[in-house]
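Each chain gets a letter, A, B and C, in the order it is written, and its residues are counted from 1.
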């Protein structure tokens, strides 16, 4: 693996999931792999799980970790080529990426969508410019349109829960449901989850369903062949996994079209499922998106899912490190 | 030791002080103890000594250290249970604590008093919620009402100075004095110092006296059996240690009732003492709270006291690490 | 070497440059040198290259690294002695420096010029107060008037390029040129570069020329014996190295006297040189100061120059560490 920007960079998803589970069972098995190597973590946006889990995974692998908060530690970066830089961006990504690539053996980057210009967000300028100019592998810590380390952790969590369960079918039903929120959030987590679970569905591991109010259709390249329902109850029927997430509209880009509270997940909703497991990438606003009674029930996987972020990061960093040797 | 939230978590204070002095004499004696273990440092508020000394102590013990600045690195945390999270807090402590507890073997947290709602501050919601939900030991890096790592460093500093001195009595007189300041500051350092020095007094190691203007009475559970004077000169008479600190009113909660400059410590005041040593937890506003002539004199212990923060942290982390094995 | 505040702290510049080149060839040769030792990095201002390259160099040497961002992680520091601290500065440098000096074996500090009071800036209060009170070696990570780690990296870069080149004379011509910018920037990089290259010129290694519009004269102690031109084309004639930098006026202190775009470096300008190499300390605003065509040409050394920051830092930290043993 050279870069880890999206599912397209993964050659064997089954093996990557198993690598994550192996890391969880034996975190320090590969701690010589990162010896004398450095990862740079670059944050254009806030982070809790991603920051801590990636740093932890890197150290499990013996990597030196250097973190830079763009904006507070340093200054804004210009991403567009060929411009006269007389605005508020003091440095161009061509220099920033190339220089950080000289100090670090790989760079991991978080840069959210702006949610004002769909075309701009969906061309993934930050990731692509860093990949072009850094000269070292780039890891996506959530970009404008994708969050693949989250999706890998989600696959690990589903695989783990499926294996442990005595009631799930061999091919569990996974439902991605939109949840209400008053703020416009990116589509990245939902996009990425759909992309990865579609791959799992195509390989016969799961059945995949998406449900959201009208107007919240995800981009077609992410929805793929998933069945889409506008009736949440119908989608939940017999589900083994409910994956909740809010996102703003893709078609009316970046807008909040409804905050309909009936889309929040309650225990009544969960009773429609096959004793389904509740998943969410966190942070989750309790009682706005998911009720306390669900999050605090044994059906919730959200903590285990967040814990698995460490192992998804470790699986990816290990594969990149192996390719560097 | 499971948690280190207050003096109540300490079973043998004498041993803990000696452990700090041992660490000072031989900082790397236990550097295998933290191997393959991680401490998370979580700051809701600014920090200099606490941040650096705790990080340093952790590394002396071989721990991996991960630091998170809540607010700048991540986002606000909701501490109250059962609320509809439709405000400015994006994540609940139930998730944040539980997740960080999966990445870290222990968490150390700084969260100051809000100084507007006494009942809220004194129920120590942040520390107690983290202790409840993290699933790993919690270390108090200064909470709403206490600063026990400071108090342990203070005890170490007093023990060290007493041992070195040729003029101090076997049972030195320790005076906690209020100092003037124009901003409302928490009671945490004063509360904690009183709590710990009362324990030292009860064990016959020191005599303890508190002095402050009327209206600055500390909460009764912290003052304990200490003698309280409203006349600073009377309190200083024959003192071996002067411990200066400003705090806002507990009775008229969070208010600045006076800024009377005559409460500042000058060399004239120090001449009332038994060649007393001057202590302050820092930062100290020079000439507002303590005169240059005192801070720059050989009677000042403030730098040694701050240096001892490293050893108080190391003693506590060592004891927690030992209980994890 | 005790401190590294300016060229005056360097006893053998040739040896220091060679030490940097050795570190580049073999980064981990001295990784035992920093064992059980800690460097504190203290930032009063933003940083990208300096932060990452110094941290990386320190880790190459086996040092423990602790970073503090003054202002966001902690609070403002009072630098003047003898004041009544009733303003916005909560701590005095006497305490802050002394305490950090107890936690760290050396401190590295970045503190830019204020650009409002020339006398204040040029007395280098921050560096000098830390050097006075820390009790441990101080490394300048860019101060009000100097940036010596940059200058050492510049010397390394020039030496490296000269050695590799088949067309440069034994004593290459180095031109420091002012570049246009709309914001007032410090003179530190230009001052320091002049100071160091003057030393290289005095030792017969280079010929040194400075060019800038009238009113942008650097302080005489930095210009030294360099020839100064107000005609940029004349200065560029036959040059082997063009070192571009903007600075605000020293004589009309901190002011922007002109933004004349004809001072920007284009390929037409570069054709006046002896296939000259383009250098800049970065960040550089593309097309405002230097044209894309120059920065993206093989004549640009800016990435190699930034990469050499790691080796200049390593050479300096190694020399200080050696003196600590």
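To be clear about the criterion, contacts are C-beta pairs under 8 Å (C-beta built on N, C-alpha and C of every residue); 3 or more make two chains touch, one makes a residue touch a chain.
By chain, with names taken from UniProt: A, B, C = N-succinylornithine carbamoyltransferase.
Given the structure is predicted, the values throughout are model-derived calculations rather than measurements.
**Q** Please state whether the interface between chain A and chain C is built from the same residues or different ones, using more than half shared residue numbers as the mark of same.
**A** different
**Q** Rotating chain B so that its CA atoms sit on those of chain C: what angle is that, to a multiple of 5 degrees?
**A** It works out to 120 degrees.
**Q** Suppose each chain is reduced to the average of its Cα coordinates; what separation in Å results between chain A and chain C?
**A** About 40 Å, centre to centre.
**Q** Among the residues of chain C, which are close enough to touch at least two other chains?
**A** 72
**Q** Show me the residue ranges of chain B that touch chain A in the complex, using the header's touch definition.
**A** 36, 38, 40, 64, 66, 68, 72-75, 78, 81-86, 90-92, 94-96, 98-100, 102-104
**Q** Spell out the part of chain B that touches chain C in their complex, as residue ranges.
**A** Those residues of chain B that touch chain C are 27-28, 43, 46-49, 51-53, 55-56, 59, 69, 72, 182, 282-288, 292, 295-296, 302-303, 306-307, 310.
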